[in-house]
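Accompanying notes for the structure given below.
Chain nomenclature is as follows: A, B, C and D, assigned in order of appearance, with residue numbering initiated at 1 for each chain independently.
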Amino acid sequence: MIIVIKKNSDKKQFDNLVRWVKSQGVDTDVSVGSNSTVLGLVGDTSKIDIDLVRSLDIVEDVKRIQEPYKCVNRKFHPDDTIVDVGGVKFGGDNFQIIAGPCSVESEKQIVFVAEEVKKAGASVLRGGAFKPRTSPYSFQGLREDGIKLLLKAKAETGMPIITEIMSIRHIDLFRDVDIIQIGARDMQNFELLKEVGRLHKPVMLKRGLANTVEEWLMSAEYIMSEGCKDIILCERGIRTFEPYTRNTLDLSAIPLLKELTHLPVVVDPSHASGLSRLVKPLSLAAVGAGAHGLMIEVHNDPMHALCDGAQSIRPEEFKDIVEKIDVMLPLVNKHRTV
Amino acid sequence: MIIVIKKNSDKKQFDNLVRWVKSQGVDTDVSVGSNSTVLGLVGDTSKIDIDLVRSLDIVEDVKRIQEPYKCVNRKFHPDDTIVDVGGVKFGGDNFQIIAGPCSVESEKQIVFVAEEVKKAGASVLRGGAFKPRTSPYSFQGLREDGIKLLLKAKAETGMPIITEIMSIRHIDLFRDVDIIQIGARDMQNFELLKEVGRLHKPVMLKRGLANTVEEWLMSAEYIMSEGCKDIILCERGIRTFEPYTRNTLDLSAIPLLKELTHLPVVVDPSHASGLSRLVKPLSLAAVGAGAHGLMIEVHNDPMHALCDGAQSIRPEEFKDIVEKIDVMLPLVNKHRTV
Amino acid sequence: MIIVIKKNSDKKQFDNLVRWVKSQGVDTDVSVGSNSTVLGLVGDTSKIDIDLVRSLDIVEDVKRIQEPYKCVNRKFHPDDTIVDVGGVKFGGDNFQIIAGPCSVESEKQIVFVAEEVKKAGASVLRGGAFKPRTSPYSFQGLREDGIKLLLKAKAETGMPIITEIMSIRHIDLFRDVDIIQIGARDMQNFELLKEVGRLHKPVMLKRGLANTVEEWLMSAEYIMSEGCKDIILCERGIRTFEPYTRNTLDLSAIPLLKELTHLPVVVDPSHASGLSRLVKPLSLAAVGAGAHGLMIEVHNDPMHALCDGAQSIRPEEFKDIVEKIDVMLPLVNKHRTV
Amino acid sequence: MIIVIKKNSDKKQFDNLVRWVKSQGVDTDVSVGSNSTVLGLVGDTSKIDIDLVRSLDIVEDVKRIQEPYKCVNRKFHPDDTIVDVGGVKFGGDNFQIIAGPCSVESEKQIVFVAEEVKKAGASVLRGGAFKPRTSPYSFQGLREDGIKLLLKAKAETGMPIITEIMSIRHIDLFRDVDIIQIGARDMQNFELLKEVGRLHKPVMLKRGLANTVEEWLMSAEYIMSEGCKDIILCERGIRTFEPYTRNTLDLSAIPLLKELTHLPVVVDPSHASGLSRLVKPLSLAAVGAGAHGLMIEVHNDPMHALCDGAQSIRPEEFKDIVEKIDVMLPLVNKHRTV
């Protein structure tokens, strides 16, 4: 960390700052220039509160040199993390496809979709039980019952399941869920992150709508610092000024994350745009960008499309996407494993 | 709601859509143009899922005519809501100042600051007990103990208190807190909104970092639809591309909200910029924009500034701000009441 | 266009509005609801100023039904435009690679890079002569001399050339340039758009840093309405809150544009991220998303990397990217033509 | 400038970098840490291309310590610049109001509005002659004739005039214009900045829709480095995700700019929101934030409102705003001078 001190600053305040920094177990190195003095911090600065330092009257600017995250930092863990979900491996040169309906609606529906997507190449079943909805008047999901139906589809097909948790109160219901999903709106629900981290189960952490890559990694650090080692990151689009798509899928984040962290990263092309006809091009784009997997919404019955989200595609389109992905995987040094 | 149907759309699908809309209790009105057919929805469309409709193959676009919120909508409740917190009134022509330290640190500190800000004109005491921090390694607040210390300061000074809730698990601790604050990161923590709404206590709902005014009002609608009538909105800056300030304070939202909703709106100039030297100009700006109040961070001991957030000002600066505000209030048809 | 009129609006003002709309050659259709009156505009509304209508006291909201662009609109021109640049075809199922250095530096450099990229599969040579730089103290390009050097490389290799115009004053210098590039910062330099449009030469229009897809198409409409038929759009990243990458490449725009317009769209992965190590993954991603081509910065001499922009890759990496692209093209129904 | 070098970097490349930095007239200072080496640059680094340095393989990160602007930097010019426009002073403790119609329409209109706003307290007359419009089909202004009409209104009322330039081609027409306005879309039209800078006339530089404060100051630096000393900055709203207002007025920029630069800053509340009913609250907010002036659109004839932009208010509302501003000015240590 580099602290730029204002010209002609109060000597006593400067000494106070140096003393405080040292009390945090960090060494200092002072270099005096013509327009400002630069205080270099040497050692583990991850506990130094950068906002706090910036607030001081004598401080002109603060620049971080080290990343503020440790457990998730590739610098300290150069090897790829492989998250093993009942034999389904995320990370490294593995490529996985998670698929299923937006919402779980009935046993018939979820089992049917599970079978279809498994046949086409999906290795994990997704399905919304608790649904975060902008409006209190929109369908909030089947909730507890939705999880029971997912477990039935798991029993029927042998596929591991992933579904979103929305409250600490529901944690017990997730005992048999294979991957607990933390949604975009909860990415900085720090109390939830801590409790889920203590379960030591695989977690998928979606990027928040307006969160930087660094904040995303800090949230993964929250989970990991509680002992959980199995985190999958999921890019799902960020909020921008563009109104045509619901969110702007940030595929640059994929190669960046592979430098910064050892954790696997998947892409959700369905929620990113909110438009089902964009799922195919964005899926292929995500593979090209180097993602470790995809999470795609697939619905069963085009005649009941009204009950599905705007972002769902049909099983036959899903199959076509998977076939194209299989051609691409060797180009990005990955292979699909089941 | 206006649904624009693609040219040459399948007649059967169109009829399905009309039938479904009617099954939701909404009437329709069809007008056929040369390039598209427009289906007008007449009646209460707040339960129609706009994303769902947009997803249909035959739909080119959907435009909402009515706002999706009802309880918080000024159209249906033209009179200003007055939130009465133990005699301190928010809304209408009342102007209130909430002040206090970033974090509660000790009994001495919180009581001292409470007395100082009360003397200078604050009517409600703020103080962080549970602190949402980006890093798991940063100070997370005194938590339960922080709330106890706030209650002591309340007993000592008679000031109502406001503090942030971060988890449903802590709800019992907030029994004697006068205003429950829902932080920016929890604005769409829908399960928390619902549970807090059921307490029927005054709630301050901060705007999310990347949330539109409409989403913000929808979150207030969540709380209100559970029976809570006393909601104060708090603008605290939104995320933009500008790096100099932590967030961009959106003061245009103030006059807009006064058209859209009957709820009071206050401004937090401390968190918006993250720079204490911007608190004064932004406070006066917020008054000029028509805010119903301010929430300002004030710290007690400049010698211990290292333990305070970057956004805190000192009691004497706070006093100066309040004096200037008092000159401005008649211009915006408001008065400070204690 | 749908104009929502406020409840209890002044009848005279409403009649004025209807009269004015009709004077613009547009028919109206009134439907009265319980909370508002909706005035539907039937006919060509592209000349109706939507901001102007929104400003009226009696107007609650205005919603556009038709797109405001016509020449570039796929609805009115369903077939793909093929831009033929001396035999190099952009659009349809053609895929083209534009490559070359960030800045033209010397005859030796530009001819060397031209030969290298031609060998590897590029069909058009790029090179900056006039350079838009944030700082007046940064190198502004070789300007006139840069264009002369590009023309030498064209003569030497037979490749068509593309370079950026920054001012109307330089138009004469661009007589022999094959594709005139309009940079992101000039996307709404309307006077430049008009003058370039009148040249009836192929134009590449880059998306502005903070411009929506609709504004981008409106700028293309400016050029096309002056008689130019050969426009290539180029997505190069938009400004967001994420600081890790200089811009956020918006690949969702590619499939969207293919629905909205008949014009070809290429992607510039070099400027989007500003990081050369992201060029390869983002190139493959762009192909997956369905782009009609790529524009990639390639530099010649790794030992002199200090003189190159951050986004340039070396010829051998470029070759590797082209080989991978060739595997992908059949998946997106495209082929590379030279 | 601080350059963070990757661990285990190539020694030869490092030496190359140090040599190159020194060749730019800048000294270096190396400090070796356990995870990275930090190369400090001592001296005037404004000519070092930060993107270029960041592009090097051995560089992990680059942090600027000094601002990249010099002429406009308050550090080197601590006293406020006073821009004197025919006796009307911008900057310091002066407060000025610029007012006039969106577009110049006729002699009668512009003279009438000029007289009205002069009476109410405006000191400079604005009026659009060349109009930047998103659509080629929208009214583009009276252009040359508009400037002639403005000059007539100037002759009639004695008010200095300001109007926007859109192309280098029109520079001769601006000979008698008192303040040349560079619009938001042209903020990075660098060739225009340079040519206008050479005129040595007062310039108002509007902030670009998606430009940071630093980029804005760099554009002012472009103008100033050509010898122009009289620049007024104008904040007019930035692009964000919020759709209710056309742009988000960034009032935090006002106090920030007063720290960073010696140039005066005014606020345009009319264009920021695009809603005339927000002009009054945003005007008072701008005064509270410390602006040196306002630029407000005022239209003459409410019966012809259809010909005015959405953001215009009427003369009587304008008068009310000015009266309120006069009460506020002493709070911000300013006074209105005519």
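Observations, loosely collected:
Just so it is clear, contacts are C-beta pairs under 8 Å (C-beta built on N, C-alpha and C of every residue); 3 or more make two chains touch, one makes a residue touch a chain.
All figures in this text were calculated on a predicted structure; none of them were measured in a lab.
Distance from chain C peaks, on a Cα-centroid basis, for B. By number of C-beta pairs in contact, B-D leads over the other of B-D and B-C. Taking each chain's centre as the mean of its C-alpha atoms, chain C lies 26 Å from chain D.
Between chain B and chain D the centroid-to-centroid distance comes to 31 Å (mean Cα coordinates, whole Å).
Rounded to whole angstrom, the centroid-to-centroid distance between chain B and chain C, based on C-alpha atoms, equals 39 Å. Among the residues of chain A, those in touch with two or more other chains are 210, 239-241, 243. Contact residues on chain A toward chain C in their complex (touch as defined above): 210, 212-214, 238, 240-245, 248-256, 259, 272-273, 277-278, 281-290, 324, 327-328, 331-332. Per the touch definition, chain C reaches chain B in the complex via residues 2, 4, 29, 31, 33, 35-36, 38, 40, 42, 61, 63, 65-66, 75, 210, 239-241, 243.
Touching chain C in their complex are the following residues of chain D: 16-17, 20, 46-47, 49, 51-52, 54-57, 68-69, 132-140, 166-169, 185-186, 188-192, 194, 208-210, 215, 218, 221-222, 225, 239, 246, 274-276, 305-312.
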